[in-house]
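Consider the two complexes below, in which subunit A is the common component and subunit B and subunit C are the respective partners.
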Partner chain A sequence: MRLHPRRLFSRLLRSRQVEGVLFVLPYGAIWALFLLWPVIYGFYISLFKWQPLLGSEFIGLKNYANLLQDARFWNALRNTFWFAALAMPLIIGIGLLFALFIWGSGRRRGGGFIEASFFWPYLLNVSIVSIIWKWLFDPDFGLILAYLRGIGLDPPVFLNDPLWVVPAIAFATGWWLAGYRMVVFRAAMEDIPDTVFELAELDGANPVVRLFRILIPLLKPAILFSLVLTAISSFRVLGQVLMMTDGGPGRASEVLALYLYRAGWQYLEMGRAAALGFVLFLIILVVTLVGFWVIGLESELGGR
Partner chain B sequence: MARHTPSLSRMARRPRIRWREVQASLEMAALFSLAIVWLVPVLWMIDTAFKPTPEIFTLPPRWIPSRFTLEHVLEVLQDWPFLGWLTNSLIVAGGSTGLSLAISTPAAYSFARLRWRGRNLLFLVFISSMLIPWQVNAVPLYFLMDRLGLLNSYAAVVLPISAMPIGVFLLRQFFVNFPGELEDAARLDGCSSLGVLVRIILPNSIPAFVALGLYMFIFAWNEFFWSLIALQRPELLTLPIGLKALQGAHDIEYGLLLAGAFLASLPVLLVFLLFRQRVIRGMTLTGGIKG
Partner chain C sequence: MRRSQTALALVLLIALMAGLGACAAPPPPAAGPAQEEAPQTRAEKYTLWFNTLFHSGDAQAMERIVQLYNETHQDTQITLTQGQWSEYYAQLTNAVIAGNPPQIGIVHTNKLSEMYPALTPLEASPAGNLLEAAGIQGENYIEALWQAGERDGHRYLVPLDTHMWGMWYNKDIFEAAGLDPENPPQTMEEFVAAADAIRDAGFIAFHPAEDALPRKLRRAWYILFWQQGGELFDEGYTQATFNNEKGLKALEFLVSMVQERGWNDPGTDGFKQFTAGQLGMLFAGNWMYWTAKESGVNWGFAYVPQFYDRRVTWANSHNLVIPKQPEGVSDEVLVKAAEAIKWINENSDLWGIYGGHIPAYKPALESQELRNSDTWQLSLSKFADMANNGWIHYPIDHPKGSQLESAIQVQIQRAYNGEISPEEALRLAEEEANQILQSQ
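Up next is the complex of A and B:
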């Protein structure tokens, strides 16, 4: 029996398969054009000596090979890892500590104010945070140096000292982002049934034991998940560095994203910038895969 | 004798209870001080923004100014298109939030409630793309937007932000846990899938939309890297990029810079003071994913 084309069409539209795809289509189209296609196109660009004003020339993997011999690339890579190694424990550690404080203080009066003041910096944008901290770290009139000198110390001029510049930016980043982790950890703590602690107390476990033997292990999934996410955002760092030091002094705080930005939009070497983007992507991919492998989170991502 | 025992034991216990209260209030005092210390950078920002310039550059630092001045704030508002930056930020953040919710909702619904072949694989592909950082896409996106004639337009920022898969991910989680009875009843009454989405799912998912909307709004409001590249015409700058321009022009005029920073933080501060619990709870619902 043959169907009239029109009926065929309407039946097709109502079929579960077509319907399901149609609902995904608007998002899928935007995703394909503005997220998937750029990755492919970006890899293509990274195979060229691609200069908008001078034309382009296919050079294969030479952009990547050049990076390996580029001292500036290795410097940026080192600074990025150094930043991540400092910022991650700061963000996670302070976030966890604050979550414990607030959780420990229960629902006493004033708890709301304390939570709000810990969380609030997260809502500021990166430019505000950078302006505030550049001023706090100012070598002549900054609050931090003035107070450290006031108590008789001889502090380094943080943002102008090649040794201290990355730790200083990492510290400001910790202040900025720890509040968000605090909120996440606190939510995880509230998911733990009270009976767990009541039983532990009945068993005579002291607070230290309760903290390290019960609470921290129960929070492990949340902590590991946060570690991965914080790692990803740390490797992408740009705004704080661009605003607070512009990579200086010298190139002591030039991170990968800043080198990419300069290669692309200052030196107009788009091929090199695209290759830098892929190196960064690769690092983030490896960090994430290792992280999720450790957590064993496949089920969380895999759907039911 | 027997009568007195209870009161005696209560008296015996009283000092211990009081000691606990003392300890608790000491803890609270310590926490309170820590919270104040944590606020010092913000307080110092406000302090600097309203101080006469000579008193900004004084040692030792001076918290209480001799007089309160609006000169820095007025300079930002008069010499810089601050309100334009604010408008641009509102448009970009509002547009990203709106478009993201509009396209993520049907997709998440399809992944969560409709049965079709390949949906789990496609969903996994979308979710994996969460790992793609702006940096890898910045160069190709720049040429793509140029080709489409969208460079230096709000769409250049709104479209890539809306393409982020987080909305599909979060809404799917929510829709999957939605009880099926209502949907089955609606289907028996002849409701189409679209009807189910609009009449049953949407009205019952407001908290999820609020949480996701909040997340997207804050993300777009604070977005820096891509906006810096895509929006270069002065009249299109968003707040973070505008502040960068301000800093570029007035490197060490801290009164002006901190007045700009203070003004830029005002809208967030107001929203936060009004909806504090909702903001914090919304952040928790989004489960700790920062793009």
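Up next is the complex of A and C:
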């Protein structure tokens, strides 16, 4: 039996799939317009010696080939991975510790104040964070070096030492971003029914077992979420580096995003910058996918 | 419930289509009435967009000037946008590419070779000779600054100012070190003796480069290198010419300040040290004026000393420009922009008083208001002397200038920090600079 087109349309509209697509469409369209399209267009630009005012020249993958021979690119890549390797465990680790501390101390008085104190750095703008930490690390007026000297140590000038500069910026970043991770972990902890722990206790599980065998596995989705977010923010780190060291000393803290920024916005070499951006995009994509693959989307409670 | 969800989905879809439709609508045609409305609204009213890279004190000074312009002009108003200098040139270029540039902009003298494709040649604009139309005459400007504004026979820049580094010093520390606070050191011997005396009196003797960011250390090295008559590149920019005896002598002296002489430590911030009253002498730009004034330090200002054969300091200039306009912008708008440029220069004594820069426009430089101001008495007169005496040197003027500077400053900083030797630093900088020049 053939359906009248109007009835077909109304039946289509009523099917859940179409309804779902319609609901996703507004976000999907914005995502496509502001995220997917720029990635595609960025890749397109990366195939050119891009200088619209003088005439752009198609050069294929030469921008990428040039990067492979560019010592500055490899240095930036190394610094980016070094930063991510330090910042990711710091941010997630501190966030988890804070969350455990608050969760473990139950609903005592002042808990809200402590939680807010842990969270508030996250509300600061990157430039404020950078200025605060630049002061703290200052060799003449900074608290950190003053305290370290006070206990008889001879600390390096962290932001001016090629060995210490990236760890110092990663530390500041941990202070800045851990609060938000803490909130995510706290929310996930609240979702776990108390009975799970009561039963474990009855079965004789000690606190260490309860932490590593029960709590952390149940936090998997929250950890994955944080890991993906943290990986992305770590690999595209820019503001802190730009403001605290400008990539120095030498190029010891020049990360990929900073090199990209310089290539595009200071050297006006958009082709090279686009190629750097696409490389950075691929790195973040791979790291995210690996994150999904290693940890998995399933929670132990069966939810997604 | 289901029905209302479907309805909601439909409403969202329609809203989205409408939104996307608006996004996808073709831009207004380059020529014709739609375009006329952008810079020129209704009967004989003009709006000029003016973008700058000024911030803090400079931005406030320019705001004053533009405010005065808007108060005194009925038919033309300037809308001022000021922002981050480090992205400014890319933004200006992109605005020209996108066909939506401001009518007035600022360009540093040494950026001309990078930026000229995005600028209107003022004597040969689509509206004819704008210099003549607006009455802008080269003889009214400091000669060296005016001359630097041409390329390939076309004039792109109208100089606004010149700015440079000088030496700020703490008079109280001078006295405590047994030095004459009214006679700051001006030769190599005097300078070394003064710095040693300040160090021995228990203060931080000298900071050669503001907050010691890599680009600032590079400027300090430039000064020492240029003072020996060195030039960074050969005339045609085919190769670097700084890895030699002069370059090494300059860098060894710079490095010795923190590695041997104990005048300071690497990685310290000269601004902070100076405003905290702990630093004897500091090399910094004229923008230091308000910081110094507000710090409460009893400070003085002096020329950069003559360390070697001739006295030279790092300098640059801000210039007013008309970015390349899209087709369809009326001749009147271009003429109005040129007239506004002239007016800004005529009132640039305010730029001196509040921005601390040396006006390039001679009548403004000679204005009584400027000469009577504190800014002039305390620092600007000496800066003006340095400009008038030709003790200034502009930085690299090359389309790849920013990259070349990066190549140099990175190694200068590493040597300054004691990470590599001065010889190694110059060798590495030369190698990278030559690679950049050859990769055109």
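Keep in mind that, in the parts below, the second predicted complex is superposed on the first by the 254 of 304 C-alpha atoms of A that agree within 3 Å, B and C clash if a C-alpha of one lies under 4 Å from a C-alpha of the other, contacts with A are read in each partner's own complex, and residues count from 1 in each chain.
Here, a residue touches a chain if its C-beta (ideal position, glycine included) is under 8 Å from a C-beta of that chain, and two chains touch if they have at least 3 such contacts.
Not measured: the values here are computed from a predicted model.
In the superposition on chain A, no contact is made by A:198 with either subunit B or subunit C. In the superposed pair of complexes, A:141 makes contact with subunit B and with subunit C alike.
In the superposition on chain A, A:265 makes contact with both subunit B and subunit C. Of the two partner chains placed by the overlay, only subunit B lies in contact with A:17; subunit C stays clear of it.
When subunit B and subunit C are set side by side, the one touching more residues of subunit A is B.
Once chain A of one complex is fitted onto chain A of the other, the partner contacts of A:159 are limited to subunit C, with no touch recorded for subunit B.
In the superposed model, A:36 lies in contact with subunit B only, and not with subunit C. In the superposition on chain A, A:57 makes contact with neither subunit B nor subunit C. In the superposed model, A:26 lies in contact with both subunit B and subunit C. Contacts of subunit A with subunit B, set against its contacts with subunit C after fitting on chain A, overlap at residues 19, 23, 26, 33, 138, 140-141, 264-265.
Taken in their complex, subunit C has these residues touching subunit A: 2, 5-6, 9-10, 12-13, 15-16, 20, 23, 86-87, 89-90, 93, 96-97, 114, 117-118, 204, 212-215, 265-269, 272-273, 276, 278, 324, 400, 402-403, 406, 410-411, 413-414, 417, 419, 439.
Interface residues of subunit A facing subunit B in the complex, by the touch rule stated above, are 16-17, 19-21, 23-24, 26-28, 30-31, 33-39, 41-42, 45, 101-102, 104-105, 108, 110, 112-121, 123-128, 130-133, 135-136, 138, 140-141, 143, 146-147, 150, 175, 177, 180-181, 183-184, 186-187, 222, 225-226, 229, 232-233, 235-236, 238-239, 242-243, 256-257, 260-261, 264-265, 270, 273-274, 276-278, 280-281, 284-285, 288, 301-304.
Listing the residues of subunit B that touch subunit A in their complex gives 24, 27-28, 31-32, 34-36, 38-42, 44-45, 48, 56-61, 102-104, 106-107, 109-111, 114-117, 119-120, 122-124, 126-127, 129, 131-144, 159-160, 162-165, 168, 176, 193, 197, 218, 221-222, 224-225, 228-229, 239-241, 243-244, 247, 254, 257-258, 260-261, 264-265, 268-269, 272, 276, 279-280, 283-284, 287-290.
Touching subunit C in their complex are the following residues of subunit A: 13-14, 19, 22-23, 25-26, 29, 33, 52-54, 66, 138-141, 157, 159-162, 246-251, 262, 264-268.
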